Each structure stands twice: as structure tokens, then as C-alpha cells.
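Below are two complexes that have chain A in common, paired first with chain B and then with chain C.
Our next item is the complex of A and B:
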């Protein structure tokens, strides 16, 4: 299997995991989205040298990953590109901020080093929290919760369509690369001479495919808005979830 | 009662317009009764898909008149027309874009502002008609080709359409799924216009056949009569259905 089909399978698997019958999946999407946003906001609110504070926020992720039986290995595999990117965000800090903060034996730790690691953890935690939300909540439910939080209709519609079209787009890439590979044995990847043609073809084919999907939607009464509804009803346990996590996260932030 | 009335329908694509002899459809007339199953046959480029797209309003009318149920094909009537007429795409992947079967089947009733109870009822009734009620929570990507086709039909049925347009419904189906689709289509009560090159499939599902050639209807009549007319079919780039050709050769 190539990387594209892996990506398609991963997207489908994430959809499937979100539809499972676990306790975390059973929580109403609105509380889950709300708590995720609080977690991300509080995590990024720490100062650039407050590494211990940021690390303490990890308790949220540890508890939910364990209780929700979510694989960390899969998180690392699926989000490796994004995680790598967030790890690189603060890479230049040690060169600009050379103020000595403390010494670890013979190693001098500068402010730039601490701020780089802090930034890295902030990014990792934010990505992990978003991943946690995605594997426990379907895209329809996330979009429903976003609308409930008064996120603009246009934004939610675009998010929903991007998610759906992404799979079609990946499938189109897969078809084209498969056809290419079968006629270019022994070649690694796509030769740079055909990149232009491939991208042009991909654009045309994707547009054609997207037009068909859009036609199918308009034929079924779509007029620019997804009428999202949630199957679950918010109950006592959902309110408790929000209350407990809000308290815990605020307390961790304050200590 | 008439469900579809087409009078002098002509259509040309973009730049070809105004050039003599380049009509995709030319002065086409067709009448369909409620509950009738009509097979639309013809070689590639005969105008079958264009006709289906015109009937659903995916292409804008140029000349002629189309009446679907009591509504005339006009922009302002499109919403009403699309509750009467349903289009099943050749490629089911284009039709199914939500995460689960139920979500996809419920998409149309939801857009028409129905209550959650009505949506559930409409979706489940549509799924029952195609014998897919036990697969309602299944992820779309986990469906087989045959199941995808049935789910695509259910997405159209959930609106309660009276006329279903099917574009090459038997393409890429194995014999078992093909037989299953034939059985289910024959069980469905509404009118059907089935565009297909699979003449055996057309014979098994339609009582009437319309032969389209160069944008015109060249034959219209009883399925058996047209599908056994070897000369007529060969004149228009088609061949006898396998079931008939076998009988003749034996």
C-alpha cells in the first residue's frame, strides 16, 4: 500500500473510531468541543518560559487517552507531519535568546532553549487535544457543535466540504499515481517532467468529481447550508464533564 | 396520469450552439405515465446523459418544454421538481458523501426542513425499500459496489420521488448484485427512466424502450419488440441483448 491509500484508510478509520460506542464517544459533541477549546486556550496562555506549567496541562491528555483507550502510537503515526512541524516552530529561539536561565551540571540552559521546548509542548498538546476530539467525535458532530457555538455558517460549511472532498481528492491522486506506477516500473515516485501534466490532470479530474458531488447535493435540496443535527441529547453526565474538566484545567493553570 | 411530458426539446453544448447539425438533442418528444418503467438506450454520445441532466435541471433548458408532474421545467420550479424527480448517478461515490448510510439517506429530507421524526421515518422507509435497513449505521466506505448503488437509490427515495432517473445503474456490478438490483427496481412502485447500455438489464426492468440516436428518438415501443429487432439495434451501434442472441444462435 502506498502513502496515499494509507492516508485514505486512516481518515476512514478515524471516522469509524468516532462512531464507536465508548464513553468518550458517548459524550455530547458540544461539551467535548468546549473543553478542548478551554484546554488549548489555557495551554497557550502560559508564559514562554513556563515549561513546568505547560507540562502540568498534560494531565488532561493522559487521563483521556487512558480512559478513552486511545492509542498514542496511532496519534504519532497519523499526526507525525503536523507534530514535526510544531516541533520546528521554535527551533530558532536558542539563537536569538541566549540569556542563561540555569545550569544542569556543565550544560548551560538558555531562555531560548526553554522557550523552544515550551512552544514545542504547547503545539504537541494542542494537536493531541484536537486529535482526541477528532477520534471521538464525527465531523458532522464537530460541525454541529461549532454551529452551536455560533461559528459562522460559511466556515462550518467549508470545513465540512473540505473534509469530504479531501477523501475524493486523495482517491483521485491514488488512481493517477497507480496508473503512472504501473506504466513506470522501477521508478521512485513521479518523474519531475510529468509533474505539470499530472497536477493539471488532477485539477481537472478533481473539479469534475467535485461538480458531480455538488450536483448530487443540489438535487437533494442543498442550498448552501448543512442542516446538522446531533443524535445525542446533552444530559447530566455531559454537564458534569464540562464542569469537572473546566475546574481541573483552571486549577492546574492557577497553581 | 402523466409524470413526464417532453415537447420539442433541443439542446446544444456551449460553443457548438448555432452550428447546424451539432444538436445533442433535437426536437425530442417523450411522454411517460406514472409508474411506468422506460429504458433509454442508444450508443455513446446519443444524448442519454444530457437528457437526464436536463430533466433534473442540472443543465439549463434551451428550447422546448418539459413538464414534470404538473411543474414546468423552470428555475423557479426546480425545488418542487426535485421533490418529484430523483437522479441516481452512474458513479455511486459521487452520490454518497456523508459518513454513514443513514446520514446520507437523511440528507435530502433534512434539507427540506422535515422534523427529526419525519426524517427518520423517510430514511428508514427508503432503506427498507432497498433492503438496507440493517446497514443504516455502516460507514459508506465499508459498503460494496452493489450496496453503494442501493444506498444511492435510497438517498433519492427518501424524498418520496415519483420518477427516478438512473444513469447506467448496472455498471460495475457483479451478477449477484445485478440480479438483486433488478429485483429491487422491479419492486419499486414509481416511474423509472433507465439509461443503459446493458440491454439485458433494460429488458429485465423496463416494459417500454426508447432508442435515442443523434439526439432524436428513433424508436419507442414495447421492450421486447425493440430489443429483439437486430437490424434496428445494429443500425444504431447496439447489439441484441445476450439473452436473445443466445436464443437465436441456439
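Our next item is the complex of A and C:
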């Protein structure tokens, strides 16, 4: 059950990165979310053969990764799943699209090859952008930004609670699966005879916990309102961040 | 089935964001009508539970591989479809932001493909349809399996459509569909069985947690007694056999129609001593030939035939059941 411990470690690492005191971390969450969405939108809007255009968009990532001193180790780990999916969809392109685009020495490059590589870069860039957002912004700040974007209060509260209790449940499930694995060595996964009891027990405990959470929240004055606050107010530098990056990205897209 | 940003065009992503937002707005409106203060913490904790429980690998017997829990179906079976849908959106958002499982731009697509179908088709239509009158282990299992399969099949179909509309893959539609649907049929079956195992456990331990249990329980309490059921069925037999049978179609049935087309007649003449003996025997026993009195075409003959037929079938069934019961008793 290494997946669970890996997930817990990754979450802690992301939290630590987001809690650093860098200039990128200091920018208001709303401009960062806005710029990230613009970047992804413009990146995927390139045509399927426009590999040079997509590569040009990399300037945003290079600048922010270098200036923000962001670790790429965790990014490479997250990239595996996305690359697999994108490759799976794009792998057919070279077989179906055999139109010759250009020649590299003796190698003939077809439209399918170019579109497959373009697709791969689009995937890499999009994941890198959302990773950049997450390692520089805490979940609380993201929720705050979503609230500022007029997302329903109830949804933002649920999002916040899921995030807060996720690690708790992951640790609980890790303990349960560790105990199970020790009693069933060499077995891959949970045996079908205990599917219901194992998860069902946890679910019942979760329901009780939900009741306790509700009771304790009520005792602390919860009346349906979950107050989120941001550590800093949006200032001139934040507006400048949005303006500069929007201009740069739109220019790169237009060229 | 999480779609990455690279797999959708901005137009498709925008459209899917719009339809998912509409579904989310409806859900928010519906959930607000319930006890919101109490519901929100439960939704949060259940979301965290499903997220974590999806990390558990369940062994699929005889295959060497493993599957995981179907979140939308489970959440809808406990929280209801609207609250389940909103909780699934929160889970998908966190999976997208923290684990790069699905893209930020493709979030609208993922919400539609994984949360909408799972919660509203699987968790609402199927769950409600099968558990509306009476909730049993069987109906829970059937609802979970059918709901998960239906949800995943529709989700996989949507992924194919969205990818093709985005112009991402060169794969022909039929080939892509042929790749997506069968694998998700198998995944749906396994996820349905895992979800069923969990829900049946909850049903045995604390059934009041399950969505719609109280309503089904009340309906079950209001069911007719055995005597009432038999009386109602007897009345129904009398009405159908005695009255509705008068309006039975005079056209030939499927076999007769086919024979008429092939041989030119609905009744073939048979020759031979065996056939003659059988015909004679049938003539002696059939006192209502062709569902009417002998040598009479009156409507009363049809009604009597209908009622008598029903009573005769009932008598035979009762005799057979009594016989089986006696044989079993003797064996013991």
C-alpha cells in the first residue's frame, strides 16, 4: 500500500512548499489562479501541428520555476500518470495521419508524429502550470480565491473540509491496510471476502466522526458560515503580475 | 478516466464547464433545502473518506489485478444524489490540483463524466428505482452493480465524444469507442461489486444511514398481507380472464404468422395413427376448444375460458408445490 504513504508524503511536501516565504508564494491567490487558467487555455488552444507555438509557451514555466526556486522532483512524479494517458491517446496519431510534414535528414516526419509530440507537450505544460499554482498557494488560499470568484459558499466549505480530513483518513487507511498486509503477507490487495467489512467499518467510523465534527463546530459557534481569510490583501504588485503575464502570454500566442 | 487538459479543446472544455456548472447550481439549490448546517460537515468528512478509500486496492479474484471503490455511487447512496454530486466535485478538484489526476481546464469534463453520471444516473435513477419500494440486500447489490456499470459506460462514451470533438486523436470513432467501452464494462462490474459489498455491510449494520431507507421502510410497512395479496391477485385474474380476454386480438401470433407466410396456412394437417389418437384424446379433454364453448361463438365462452384457465393453472401450481413440500418433508 505504498500509494497511500506516497500520497501522504506528497501532500506534506506540497504544503511545505506552499508555506515557504518566496516572492511567488507572497502573491495573492486570485491573480495566480487567473494567470494559471489563462496559460492553460492558451496552451491547449494551439493547433495540433503547432509544436513551435506550444514550445514558446514554455517561457512562462521556465521563468517562474527559476525565479520561484521551485523543485521539479515532485513535478516529475506527478507527470507519470498524465504522460501515460496522453501517450495512450496520441499513440495512434502516427499510424492514422501519415501525411509528410518535413524531413529531418533521412527521417520523414509525418503529421501524426508532430501532433502526438504536440499533444504530449500540451499535457506536460498544463500539469506543470497547475503544479506551480499548488506549490506556491495553500489550499486555504485557493478556497479563498474561489470564494472571491463567487463560487457557492457551501461548495468551498466542503472542498476545505475534504482537504482537511483527507490526510486523517489516509493515515487511518494506511494503518488498516498495514495491519491487513501483516496478517495476509504476499497478498495483492484486499481479499474479496472482506471488501465490505473493511471499508464499511471505516465508513461507519467516518459517519460518527462527521457527527463529532458537526457537534464541535456548533460548540465553537458554527452557524453555516465558514470564514476564510487571506494572509494578505491584493496590492499593486498583484495587479501588475496579472497584467504583465496576461500581456506576455497573449503576445506569445499571437506571434 | 480522468481527462488531462491536453485532451480537450477550449471550446469543448468551456461547454462542459457550462453544463457541469448548471448541474452543480441545481444541486446547490436542492441541498440548501435540506438541513444545511448538519449536511455540510458530513459531506466534507464523507468526501475525505471516499478519497482515502479509493486508495485501497481490492483483489479481483482469479485475475491477479485489483480495483477500487466507485465514489459517486457510494456517496449518492449515503448523502443523496445532489449532495453526493457536490462532494464528488470537491474530490475531483482536489485530485486535479494536488495529484495532477485530471486537468484544471478539463475539470468540467471530468465532473460531467465521473460525478454527474455516477451520482445522477447511478445514484439517483438506478438506486431510487430499485430501492424505492423495498430495500433488501438483493436490490442494493443490483443497484450498485447496474449503477456503476451505467455510470462508467456513459462516462467512457462521453470521454470518446469529447476527445473526438476536440480533434485530439486520429483514431476513428468506432475504434476509439471499441477500446473504451469494453474495458469500462469490466471496471464497472468490479467497482459495482466492491461498492455493493460496502453498502450491504452498511445495510446490515446501520441501514438508517442509507439514502431513501426510511421511505422504503415506510412503504414496506404499508405492504399488503399475504391474504390481501392473494385476494388482489384472484380479483385481477377474474378481471383479466373474464373481461379483458374479450378484447384479445384476433390476429395470429408470431408462430402462426410465420407459418402462414411459409406454408400458406396456420394449421398444418398431420397424418398417422399417433396423431389421430392424440387428436381424439384432446377432443375429449378440451371442453372449451379454441377458448369458447363447443359449437358456440358466444362471448360468455371466452370469459369462462379465461377464468377457468386461471383457476386451473392455480390448482396445478398448488398441487405441485404441495407435492414438492411433502417430498422434502419425507426426505428429512
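Just so we're on the same page, the second predicted complex is superposed on the first by the 180 of 255 C-alpha atoms of A that agree within 3 Å, B and C clash if a C-alpha of one lies under 4 Å from a C-alpha of the other, contacts with A are read in each partner's own complex, and residues count from 1 in each chain.
As a convention for this text, a contact is a pair of C-beta atoms (placed from the backbone, for glycine too) under 8 Å apart; a residue touches a chain by one contact, two chains touch by 3 or more.
Since the model is a prediction, treat every value here as computed from it, not as a measurement.
In the superposition on chain A, A:138 makes contact with chain B only, not with chain C.
When the shared chain is aligned, no partner comes close enough to touch A:62: not chain B, not chain C.
Of the two partner chains, neither chain B nor chain C is touched by A:179. Residue contacts after overlaying the shared chain place A:220 against chain B, while chain C stays out of touching range.
Once the two complexes are laid over each other on the shared chain, residue contacts for A:16 go to chain B alone; chain C is not touched.
By the touch criterion defined above, A:199 reaches chain C but does not reach chain B.
In the superposition on chain A, A:7 makes contact with chain C only, not with chain B.
Residue contacts after overlaying the shared chain place A:250 against neither chain B nor chain C. In the overlay built on the shared chain, the residue A:72 is in contact with neither chain B nor chain C.
In the superposed model, more residues of chain A are touched by C than by the other of chain B and chain C. The intersection of chain A residues touching chain B with those touching chain C, taken from the two complexes, comprises 139, 164, 168, 209, 213, 217-218, 222-223.
Residues 12, 15-16, 19, 138-140, 164, 168, 171, 209, 212-213, 215-223, 227, 229 of chain A touch chain B in their complex. In the complex of the two chains, the chain A residues touching chain C come out as 1, 3-4, 7, 10-11, 14, 36-37, 40-41, 43-45, 48, 78-79, 81-82, 85-86, 89-90, 92-93, 95-97, 112, 115, 119-120, 122-123, 126-127, 129-131, 133-134, 139, 142, 152, 154-155, 157-166, 168-170, 172-173, 177, 187-192, 195-204, 206-207, 209-211, 213-214, 217-218, 222-224, 226. Taken together, the chain C residues at the contact with chain A in this complex read 2-10, 13, 24-25, 28, 31-32, 36-38, 40-49, 51-53, 55-61, 64, 66, 69, 78, 86-87, 89-91, 93-94, 96-101, 103-105, 163, 167-172, 175, 193-194, 197-198, 200-202, 205-206, 209.
The touching residues of chain B, when paired with chain A in their complex, are 56, 58, 79, 82-83, 86-87, 89, 91, 93-95, 97-100, 103, 107-108, 110-113, 116, 137, 139, 141-142, 155-156, 159.
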